[in-house]
Amino acid sequence: MSNSISKRKALHEWKLYLFIVPALLLLLTFSYLPAISAIYHSFFRWTGGDSKEFIGLKNFQAALSDSIFWDSFILIAILVASNVVKLVPSIVMAVLIHRLKSDRWQYWYRVGVVLPMIVPGLVTLFIWKFFFDPTHGALNQFLDISGLKTLLVHFDQALHLGGIFSEGVPISWLGEPALIIPSLIIWGFPWIGAVGVLIYLAGLQSIGAEIYEAAELDGANSWQRFRFVEFPLIMTQVRLSLVMLIIATLQGYGLQFLLLGPDGGPGGRGMVPGLWMFNRAFLAGEFGYACALGIFLFAFILGLTVLNNRYVRVEK
Amino acid sequence: MNATASSKASVAASRRRSDLPKHFVLILLLGISLLPFYMMMQISLKDNQAFFANNWLPGLPETWQWQNYLYAIRLILPYVVNSVVVSVTATAGCLATAILGAYFFARYKMPFSSLLWPAFLLLMLMPSVANIVPLFSIVKSLNLLNSLWALILLGAAGGLVFSIYVLRNFIEEIPQDIFEAAEIDGASHFRQIINVVIPMSGSIIGTLAILTFLNTWNDFLMPLIVLRDSEIFTIGVGLIYLNGEYVKEWGQIMAAFFVASLPLIIIFLFMMKLFIRGLSAGAVKG
Amino acid sequence: MKTPRGLPFNRPRYQIAAAAALAVGLVAGWSHIKPSGDGAGTKRPTTLEGAWQAAAAFLFNDANNTFNAARLEPSQERERELGKAVTLLNVQPRTVENIAKARRIFETLSSGEDHDEPAIFSDYYLARIYERYETPPEPRKARTYYLKLLEKHAGHPVAEFGASAMVLMALYDNITPEERGRRFAGLEALGASLETSSGRRDYHLNMGNAYIDFEASREKALNHLLAADAETISLWQVESATWISIAELARDEGRDDLAEAYYKRFLSKYRRDNRHYSIERRLGALKNPKNMTADER
Amino acid sequence: MRDKILNAIGMALLGVCFAVSLVRIAARQFSRDEQGGDHVTIRFAHWQLENGVRSTLDQIAAEYMKLHPGVKVVQLPIPESIYTNWLVTQLVGETAPDLIQIGIGMTDERIARFFLPLDDLASNPNPYNRGTSLEDLPLRATLFDGMESGYVSTLLEYYGVPISGASVRMYYNLELLEQITGAGTPPETYEELVSLAKETQAYAQRKGVPLVPIAGSRYNAPMIMQRLFSSQTQKLVERLNPPGIFGEDLIRRADDYLDGRWSLDSEEVRSGFDLMHEVGQYMQPGFIQLQRDDATLSFVQGRALMISTGSWDATSIRQQASFRIGVSTIPFPSTESRVYGRYLLGELSEAGTNGGVVFGITRGSPQADVAKDFLRFLASQRMNQLWTDESGWIPAVVGIKVTPDVAPFLPVTVGYLPGIYPSIAAGGTFPSLNRLVGINLHRLVGATGDTGAFINAIKPGYRDALIHDLRRNHRTALDISQRSDTQFGGLAWTALAQPNDVKAAARMNAFMQSASMNDRKLYRIRHSLEKAEVQ
């Protein structure tokens, strides 16, 4: 961490404060003011136009009894939990690239990892929507060809799930409430985060050569090498990626909106807090109420991050 | 430096096992994540009939629809100029401010800095659904409507917090004695940044530059709201029209997306080295 | 980490690129700094008359500012106070304090001894405030002000507009049918005292529709709507619905000639209406009931 | 060393690219200032991105520019999904175009604050109609809906002029129809539609082709299902109406539900849901998750025999389809039908359909008079003829000959009123009910869909959702009434200050009628809410 400085020297170095001024100015106008305006408007009944009416804490009281908003945190919990699983492929890929013999291959694999970042999000979304299409989508075609479909149908009958998978009827992945959550989790299947992979690679390279020799002497197999040598060192980067991923999941609603629509699809199963804020603001025209929901969501994320920093302390 | 030393050591450890299984798994994972790229390329050469006839495999070369690219270039070209100016200036502005800010936090534990730092991080947590209208009224009160400056400042503010967060970790890694050496030579803080910080973290600055560039390049909502005259629209706005159509020509859409990401690909190919080394040089210590 | 070879002044590439990008970016900015947003907003009214027109056109804040700022002779002070209070009801953002401030102004204007226009308007607005601004509303206080208006200012359109409000407040209350019957009777007398055509029309419309809503009396509903129509209704949505109701009620009451007249009036004036074909069939059924299918009664 | 060169080239390339762009912008900025002088530019914005609309409007703009060399007319199409965002910011920012399409995202408060009243336009003849039969008719009388679609009742003024209209129809792939049935005539009644759908399924089975009778999606399926449901509740509405009331009244229907005079178990309502379930069987499985362009694409690709959508999609579909298209109204069950004939009166009347594509003029526009002139030009008979011929959309001006392609879309004036809809209202009056019905629709129309299961799913929440919506409607009515108090003050004072000003007196009189109409609605909602909460 940056070293401490005596009061006297700090006064002498007052010029340093000038360095933070541009950043502060920029953030104050374009990040803080909208946030403050959101807090201000959460005390009003506001339809986004000119007329607004001061109603004190009514928005917050209404939010407390808004079951749709609080139920949507269940889905968020599932998605956040699935984030932990979604980190694995990136870690596996980083470790495998790191253990390759030739440097040339390592370089070209890094290029391959970074390339998908350039593809605009709309393309990925289109391909996944096409993937889930019931009649001629890839997922159903694959299940039919591989015979997995009949397996699922027996599975459905055995546990009498009510015909989610029934013979001859293509599975509607986004049309059947029970399948929405699995579909949202499968989405983006290999979950390779380019930035994540490269950051882990960076951590792995800082492992000293002598540590590997020591592990070699103890006869550690590849799993033990990973468990005791490689994984501890990239633990901090993994934790950072996890925090970033969780914040993005908690705030995100674009995926659910484009795949399932503003009401969260059949059964409202795809509803997440961000989407309900969007729904209330733009569909019901209750901008003030949406701001109040935003503050609850912000408090939730803040609590989670503080918890994460305190209890997931990892020694560097 | 120690990077190559450690990989040689791991080579020694695993020379008995061949790399084949690793390559197999890597190519499998990479193949799936590159699927969107492949689909974008092959669909851009088809019209709807051909696409629905066979979805996955590219058509025979003589059936390729080059007029999709003609359409895309005619649609995107007028906007490329504006996008380049906005993205480059925004990225430059964002990085300049971020370097100064990060230097402030990293150099000394100044009074109030322990207060400012959490205030910065809070911004990353704020959900941003209902702030289109307030953001717009701020741009309006700054009298920046219908000018590229609005997009430049918004773009710069967008990537600022993350850049400061990453740069601070990096600058703290630079040993103090280098700074003291520069100070003894009479270098002011500004001179120290130019001569010590930037050269040492050139790679991480390249990385953040590309990440910020990507964000401003694809944004479409802000430009459409802030700009009025169509000749200063950016690429994102051109793309939104394709998505707005009701009977979609997927070939044209994919061609337009490819043309729009072409400048990125070109810059990437040249800056790849910088970008990868930046990320790999222990950019983020958490 | 070894210390680098001397002070790294010799890495020009980055410095030039960064400086160039920043400087040139500033130049580009200059040509854009003056956006060409040229819309001139609505012009601010300056006179009292302009303020009242602004109030009528939703521009509440502008009107309120003009009422506060206008330089007037003493004789126009009461008009200014009224204007301030009337616009305060809708100045944005709306707050409970604004409503209370408006009420205090209305109370001072109303208690003044000379019963001029501002006093009449103030009594009307005090009634409205107790009717639908107070939470929970206080109908009794509102009634006293409406009655005071009718007694003291019979023939004044604003005062008589309160009569139709009293009808709604009294009948759409959560009361037993018997109580509602008594209130219906009480309100019947009110109609006779109204002198303005608009007052009578709105009163009869409210009474007629209330009789229909509560299915209290077809005959009284018909008479009230006929009385309202006599005052000429200019709003097409209200007129078309009233004509149809009159025709339907007349038919149920067996007054076929009246029903036929109103069916025809509706059909000739409202050709472009989704109900047109159905009303044609009902007119046909009225004239010769036999060709009407059973379930179209 | 090699990567150093690569980096250098990269940076150089970026620098060059950046410099070129700057020069282009500076040059354009200079040229724009220089020729901005003598030129008046008016811009008009709309959200109709369908094929044919933009090209036709460009043609009309070109015609206008030919007549007025000094004026430049620019079209600004905005995608529907972000139109509200775009609109709010453009109006607030006073950078709005001179003409804006009124509709999506528009509240009467925004209209009053940002748009010009067009009474002068409405009551005077349109100069561009000189030499036609409409020459001396006021503009209002030259439009088929009397400019009703441009009238804002709470403001008692005309704020918009329509140039088109819209209707919902059933589209057929005529070539496929001939192959399947041998005859190219679309079905007249719902029963014929069902038998055609069965034949289509058999045909698809025989031929082994992926063919579905009706293309369905989240957007298209409700269009046919809602209308079919409203057929089964036509007589229910007549039964519920007390003597003296005729036609649809949503507050009364809500009150009837809360008083138990009708419920989800009423036989008419069950029959309506059965009808929705049955028609859902003939759409592609899982259509709930598909969107508007998926359905249109499958119809255009020949993978569906029919699709129900609006007249606005006609040109897009015709340009994309390689086959001839037939169009008819959405077939209703016949009154003789044993199963669905008992509860219905007949096809719906569209006599009251209002005009569409309504343009208003923004207050902030510095060249409002030029904008008004262009709006008159747009709504002239000659230009509206060009509009319907080129775009394939319905004309708004009376006395225009339409092409055979457009004819089937003209409003049908013979017909009855609709009954209630699955969420009582067709539009947005009861949003919570819309949401409740929407998120449970898969229980009704899916492959394993069943009316009983659907009713049991929505019944528990139906009453609370209805009360929530009634409260919202009460809040809106109260807002209007409170706002009208200040408006009434302004109108009354002005009228009483000049007793001989007839126009001011007429405006006050009209305003009192519209205000008391709203007050009646306010009190009726409050009354049924108090009754419901008591139970």
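Order of writing sets the labels: A, B, C and D. Residues in every chain begin at 1.
Going forward, a contact is a pair of C-beta atoms (placed from the backbone, for glycine too) under 8 Å apart; a residue touches a chain by one contact, two chains touch by 3 or more.
Please read these numbers as outputs of a predicted model, since none were measured by experiment.
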| item | value |
| --- | --- |
| Which two chains share the largest set of C-beta contact pairs | A-B |
| Farthest chain relative to chain A (centres taken as mean CA coordinates) | C |
| Whole-Å gap between the CA centroids of chain A and chain C | 48 |
| Interchain centroid distance [CA atoms averaged], chain A/chain D, Å | 37 |
| Chain centre separation in whole Å, for chain B relative to chain A (CA means) | 18 |
| Cα-centroid distance, chain B relative to chain D, in whole angstrom | 40 |
| Contacts with 2+ other chains: residues of chain D | 7, 11, 14, 18, 22, 25, 88, 93, 95, 109, 113, 483 |
| For chain B, residues that touch 2 or more chains besides their own | 52, 85, 88, 96, 133, 137, 145-146, 148, 228, 243, 272 |
| Contacts with two or more other chains, residues of chain A listed in rising order | 48, 50-51, 136 |
| For the chain C and chain D complex, residues of the former touching the latter | 13, 17, 20-21, 24, 27-28, 31-32, 35, 37-42, 49, 52-60, 63, 79, 82-83, 86-87, 89-90, 117, 121, 125, 128, 132-133, 157-158, 161, 164-165, 168-169, 172-174, 198, 201-202, 205-206, 209, 212-213, 215, 218, 221-222, 233-235, 237-238, 244-245, 248-249, 252, 271-279, 295-296 |
| Interfacial residue positions of chain A with respect to chain C in the complex | 44, 50-54 |
| Complex interface listing, chain D residues touching chain A | 84, 88, 107, 109-110, 113, 210, 218, 284-290, 294, 431, 435, 438-442, 446-448, 472, 479, 483 |
| In the complex, chain B residues that touch chain D | 48-49, 52, 80-82, 84-85, 88, 132-133, 136-137, 140, 145-146, 148, 221, 224-226, 228, 230-232, 240-241, 243-248, 263, 266-267, 269-274 |
| Chain D residues within the chain C interface of the complex | 7-8, 11, 14-15, 18-19, 22, 25-26, 29, 93-96, 109, 112-113, 144-146, 153, 155, 235, 242-247, 345, 348-352, 362-366, 413-417, 478, 481-483, 485-494, 496-497, 506, 508-510, 512-514, 516-517, 519-520, 522-524, 526-527, 530-531, 534 |
